[in-house]
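Could you have a look at this structure, given as structure tokens, before my questions?
We just call them A, B, C, D, E and F in the order they show up, numbering each chain from 1.
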Amino acid sequence: MPLVHITLLEGRTVEQKRKVAARITDVLVEDAGAKREAIVVAFHDTPRDSYASGGVLMCDKT
Amino acid sequence: MPLVHITLLEGRTVEQKRKVAARITDVLVEDAGAKREAIVVAFHDTPRDSYASGGVLMCDKT
Amino acid sequence: MPLVHITLLEGRTVEQKRKVAARITDVLVEDAGAKREAIVVAFHDTPRDSYASGGVLMCDKT
Amino acid sequence: MPLVHITLLEGRTVEQKRKVAARITDVLVEDAGAKREAIVVAFHDTPRDSYASGGVLMCDKT
Amino acid sequence: MPLVHITLLEGRTVEQKRKVAARITDVLVEDAGAKREAIVVAFHDTPRDSYASGGVLMCDKT
Amino acid sequence: MPLVHITLLEGRTVEQKRKVAARITDVLVEDAGAKREAIVVAFHDTPRDSYASGGVLMCDKT
């Protein structure tokens, strides 16, 4: 039943999300004993002006 | 004080969200003893290429 | 497929959560066209010293 | 290591987000003893038809 | 920079979480082009009376 | 209306949370134009065995 919410910078392709979702689901089945059909992965794309690390927006980093 | 975050596939109409927000708020008032004015419901619309169940993106399901 | 995360003050009983989960699921089936078996509701109980509104922790409100 | 997710109505400018991210990071360093470089702030902009308080969508409030 | 929040039923061991965190991080480096040191994985353990699918709490399923 | 969810390692005192909640609320009033009474801050304490950066659980870091 794990629910996986991934917040990441926008720009990843559908193919990247496809692989990530499939592999993370495999990991949770194999290593956490989760049932495959109960695993949900949601991607929350975030623009570079809406994500900061160390107090600095990504759009301001050089 | 409940904060309700709903992650769902994009495409719901405003009228659907209006009804869902009103009724979920009613439920939390009636069954959880929450104060109406303190209840917040936020919808996070998600594209079909950003949501997977069972390891498969919704856009890849037939 | 809606994923519902509810952050609320700790102290609700199992019976309250049982009713809330059942009724919110009904709402999403009836008004958002979601499939019942794909709806997940997770409650995140939060102590009164870990939840603030208006800048004041709940444990500090009289 | 705090992860800060802020769900807010869309419409804030980049300059507003820049200030908010910088100052929240300062707060967590000064008052929570967090390491600056490990603090992440993510803004989740939400349309007025996807955010309700008291059971009423923001777009329906006068 | 991906932030990964995993909501799952309580009961997983530290060894399970260790493997899941390591492998999910690998997936995001290899398939999403993320920088390893910027990836965070947080597990939110949830009791069986606080998690419902299909409108039924896990503690009520037989 | 901002909703602020802060995921952090457990161990902060009530006094630390009190200050952080008050100051973050001030920031959102002053720099994001939010109404004070509509701001909610929730802290999600996380054990060191449930939080990883760079693929390594905090309890495994030296």
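Please note the rule applied: a residue touches a chain if its C-beta (ideal position, glycine included) is under 8 Å from a C-beta of that chain, and two chains touch if they have at least 3 such contacts.
The model shown is predicted, which means the values in this text are computed figures rather than measured ones.
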Message: Just to confirm, which listed pair, D-F, A-E or E-F, duplicates the contacts seen in C-E for more than half of them?
response: E-F
Message: Quick check: more C-beta contact pairs at A-B or at B-F?
response: A-B
Message: Averaging over Cα atoms per chain, report the distance between subunit A and subunit C in Å.
response: 23
- prompt: How big is the gap, in whole Å, between where the Cα atoms of subunit C centre and where those of subunit F centre?
  reply: 19
Task: Among the residues of subunit F, pick out those that touch two or more other chains and give their numbers.
output: 1, 3, 5, 7, 24, 40, 42, 44, 51, 53
- prompt: Contact residues on subunit F for subunit D in the complex?
  reply: 1-9, 12, 16, 19-20, 23-24, 27-28, 31-34, 38, 51, 53, 58
Statement: subunit E residues touching subunit D in their complex are 1, 3, 5, 40, 42
Task: Please name which positions on subunit F make contact with subunit C in the complex.
output: 5, 14, 17-18, 21-22, 24-26, 36-37, 39-45
Statement: Per the touch rule, the subunit F residues reaching subunit E in their complex are 7, 44, 46, 49-57, 59-60
